[in-house]
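Alright, structures below, take your time with them.
After this come two complexes, each holding subunit A, first together with subunit B and then together with subunit C.
Up next, the complex of A and B:
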């Protein structure tokens, strides 16, 4: 106990300037084991520390407290404590002990899940992320936890705001996989299928040595979303995806490939029977809702194909071609698509005719010009970023040493800039 | 006609109606008084088997007759064909085929046309004797190492096997003569024999390679040989479904062919295959330059006036009569061994081309008139047009309410803007994904490097 009290006073004393904080950090590291040993009795000491001023010390104590198994009653009190800590901690200090911070947040999430109240943690996790990450392009281990809470709490909008940012730096590949997978699910929930497709594509094509379960699940969803959005799906992965993925993913997701086959035939009846017969397997993967959306998207694809060949078409013909039950259903579908701005048409109820129109966008408005202009700016920034990355890479010592060794294997021209011998 | 008022009206009517007046212009229908020799053999009427068989000689005659018997519905024609095959086989030495034909006849032609076991045994015995003789001769020549006689020895072996129906052995023997060929004439002879056997075997890959080999000889070839090689090449392309190339080859065949290649193909066939393939695969300019204005090919087309008429009708947009000729020819074409697999495809292609050509010059087309011109119902026509539009072969839209087809030309400016925006988005996404992946790889590499250290 005495050591604890001594530690507390030291924390209180050494938390003011940066050099003091470093010294404090060393002390805390040494005291880590004793902290863990006393984990059950540390709770009262926490009251003596102020999270905003003594963030580092508080963090160590907190981590030691929550290290062991927690019961439900304790969980609610801990949740309050951690919540207060997260809202008032200081970013410089917590970054010094990043692992501890991550584990505290993880336990926070676990406790909330245990209590069944994920919504309480959403905003707090968001603040935690903002304090923790060094730049908005940086992916931390906290991101997937945050997205998981959003998913469980069904607060998709908050999750989406985080997804808006581009990620370029990653600590752990596993974080990225989980982040993209959960992110994809959030976008699906909000029906932003394009963004979902991008995120899931990142998971599937990420470099990996062996196929992991996250990639498999992500690939299944990827197939379904791609069918909903584009009505087609290219069965081969792009060249830059890892060889492990290219070889194995197909066999693991055979069910979905077959579904894609029956989808591309364009017959609703076949697709529905296929879904019906495989219902349990889809449910097992938690994809049944998505599969149902795929089925309804087939109607849309068929109707869109009709816009390419016909100027006017009777509702009866539409119902027959797309295999809808009745004229009324055809009208409902077309009306829905017009409202969602998926096709441009007018319905003439007197004749029972639909007249398909061209896309009225003339690309002459100011908004369009601004849109194009901002796109150009954005792309120029991206290009500069790429050139910068390329330059950095070519100065990287490990690249140069590897390039020297491999020089004989490759074309002379590729490695012209690499010196013959390079000794690090 | 009625003078100047009448003339423009009839021209317009002709343009819309695509009538059948073209048939009256054909001279062939009034030549029933001409000699039997000039009567077209591949025509809309029922096939005259004797005349058809007279075009060919050798093994292909028998094979064609057997094919005819297998595929035609008329039992009279069937028996006629089998009878002729039997007679032809008796003149030759192929006992295997003989037994097959007898089995097919099945006694329907009476006792004269049953298994003649004595004849078979005699032929087989003679064959064995000849084979032994040839072998001993060949061995003698081989010990003497005289190239010319070894070559001729193998050649004789090849002929022997071919006459007895052992096509694989015949091919091998002919190919073996290659090592002993001294002049280009020998090479040509070898190539032609190899081509003949390959065609009979149905291995058209060999045909193409030997044709090119023969064409590469340094000496100039004599015209009949060139014509024969072109026919063979055309047949090979036809089998490979490369209709454009086949058409080009057939159109290049000169009139020197005559009847010199009757072991493989008749001039009527050259005209039919060439004409149909050209119609299915050439565009208008090529059709005019290479077929209609081609003086050499005109000689061939004279032999099959119906094909000539249908090509002219197609070019002058009389689609109804063109399609009618095609329909008439179909039943006879299905009895031909080389083209029967391709008849459906060629016909479909010709019909699609006709539809596309019809709609091409107009801004709007009344589908009812078009259906009349193509002798089909409006609903059927709509289906056909729909599939052509989906394949992007016609740029148009169907107004299903008023049954009018409107030409539609894409707005280039809008399309360009759309593509620009889309390309921008794709670039954006690709680059971001790429930077992310590069980062992951770097991380992996650093991890591994740090673990090593």
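Up next, the complex of A and C:
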């Protein structure tokens, strides 16, 4: 106990300047084991420390406290303590002990899930992320936890705000996988299918040596979202996806591939029978809701196909071709699509004719100029980043050893001054 | 010898004269810098124009050759307009002017341009020299007060004005001895439409051998510098007007009138159709730039992906090149 009190006084004394804090960090590292040994009795000491001034010390104590198993009664009190800590801690100090911070936040999330109140944690986790990440382009281990809380709490909007940012730095690959997967699910929840497709695409094409479960689940959802959005799905993965993914994912998601076959026929009846027969398997994957959305999107795809053939069409004909029940339903569908700006058409109610129009965008307005200009600026920034990464990659020793060895054997017609054997 | 002239004459110089002089000089200089074996044979052929052919063995280390010629034009009242020029043969060391050549040329030009007179002569160099006075006096029998047009062929990128100066001769009493000295006069540049087109053409001539990319870049650089200059001039005007408004600068109504007339001339076209077409073309250019950036970015990305695949993919394809998908 004496050592604990001594530690507390030291924390209080050494938390003012940066050099003191570094000294303090060393002390705390040495005292780590003794902290863990005394974990059950550390709670009263926490009151002596102020989280905003002594963030580092507080963090060590807190982490030792929450390291062991926690019961439900303790969970609510711990949640309060951690909440107070998260809202008032100082970012420079917590970054010094990043692993501890991450584990504290994870325990926080676990406790909230245990208590069944994920909503309480959403805003706090957001502040924790903001304090922890070194820049908005940095993906930390906290991001997937945060998104999981958002999903459980169904607060999609807050989650979406985090997804808007571009990521350029990742700590751990598992973070990226989970982040993109959860992010994709949040976007599906908000019906932003385009963004969901991008995120799920990231999971599927991310570099991996062996196929992991996250990628498999993501691939299933990816197929479904792609069907909803585009009405089609390319069966081959792009060349920048890992070879492990390219070979194995297909066999693991065969069910969904077959669904794509029946989708492309355009017949609602076939699709519905297929869904019905495989219902349990879809439910097992928690994808049944998405599958039902796919079925309803088939109508949209059929109507879209009509716009490419006909200039005007009567509502009755639309209903017949698309196998909708009545003219009413056809009108509702077309109206919905016009509102969502998926097609351009006008409905003449007097004689029930629909005229399909061209995209009225003339690209002549000043707003369009500003849009294109901002896109060009963004693209320039991105291009610089990619060139930088490319240069870094060219200097990478593993690339040089592999790349040069291959070229030596096979590029006789394109001889250039690459040395034959690169000893690194 | 360069005080300002007091004759009160206004000189107008046409760009054709400047182009002629610079062409003459460039020709002579390039013929002079041939390799030694060729210079001796060519010097015989170019003996008219070569002033330094005694030094046939050397090339560019020589001081640059001076070229001489005559300027012709019209004098109406107090305005002297210099339209054209032709070359002359003159050796400053012997001070011999080929009179017959000069007269023959004069006759020829008289047939084509009956109104033009010999107004003076030109030469190249950085400053007027004493020896030039002899040539000047030699021409005085054709024209009582000839002009001396001097072109400085040294390229100075910092210089903003034309390196052309016009000198007149005046009789001054120096140390009790009346002497003719050169005095500088100001001049204006006057262009005819044909000259404007040719000057524009010459200005846009770039060294040949550039690929399409460098030619495009050169053209765009030219436009960019023109716009930049326009911008800076407008800024100067703007500052001037703001100062006048604040009261720091005394109000000058003549300047204000000129500015307001300039402003009323713009915008040149203000119709709906113009706006439409203009925006459409603007958008098209932006889209093309966007497309170009996209292509650039995708190709970098493709290379990056290739590198990544060769490095980290355990089962990458061996042999041959991977196709660009």
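Assume the second predicted complex is superposed on the first by the 391 of 424 C-alpha atoms of A that agree within 3 Å, B and C clash if a C-alpha of one lies under 4 Å from a C-alpha of the other, contacts with A are read in each partner's own complex, and residues count from 1 in each chain.
As a working rule, a contact is a pair of C-beta atoms (placed from the backbone, for glycine too) under 8 Å apart; a residue touches a chain by one contact, two chains touch by 3 or more.
Keep in mind the model is a prediction, meaning the values are calculated, not measured.
In the superposition on chain A, contact is made by A:353 with subunit B only, not with subunit C. Once the two complexes are laid over each other on the shared chain, residue contacts for A:73 go to neither subunit B nor subunit C. In the superposed model, A:176 lies in contact with subunit B only, and not with subunit C. Contacts of A:394 after superposition: subunit C is touched, whereas subunit B is not reached. Within the superposed three-chain model, A:403 lies in touch with subunit C and out of touch with subunit B [touch as defined at top]. Applying the stated contact rule after C-alpha superposition, one finds that A:379 touches each of subunit B and subunit C.
By the touch criterion defined above, A:280 reaches neither subunit B nor subunit C. Taking subunit A as the reference chain, the count of touched residues is higher for B when subunit B and subunit C are set side by side. When both complexes are overlaid on chain A, the residue A:201 reaches subunit B alone and has no touch with subunit C.
In the superposed model, A:369 lies in contact with subunit C only, and not with subunit B. Annotation: subunit A residues 207, 240, 362-363, 368, 372, 375-376, 379, 382-383, 386, 389, 393, 398 touch subunit B in one complex and subunit C in the other.
Residues 166-173, 176, 198, 201-202, 205-207, 240, 305, 308-314, 317, 351, 353, 356, 358-359, 361-363, 368, 371-372, 375-376, 378-379, 382-383, 385-386, 389, 393, 398 of subunit A touch subunit B in their complex. Residues 207, 209, 238-240, 242-243, 362-366, 368-369, 372-373, 375-376, 379-380, 382-383, 386-387, 389-390, 393-394, 396, 398-399, 402-403, 406, 409-410 of subunit A touch subunit C in their complex.
Those residues of subunit B that touch subunit A in the shared complex are 386, 389-390, 397-402, 406, 411, 413-414, 417, 420-421, 424-425, 427-429, 431-446, 449. Within the complex formed with subunit A, the residues of subunit C that make contact are 276, 279-280, 282-284, 286-287, 289-290, 293-294, 296-297, 300-301, 303-305, 307-316, 318-320, 322, 325.
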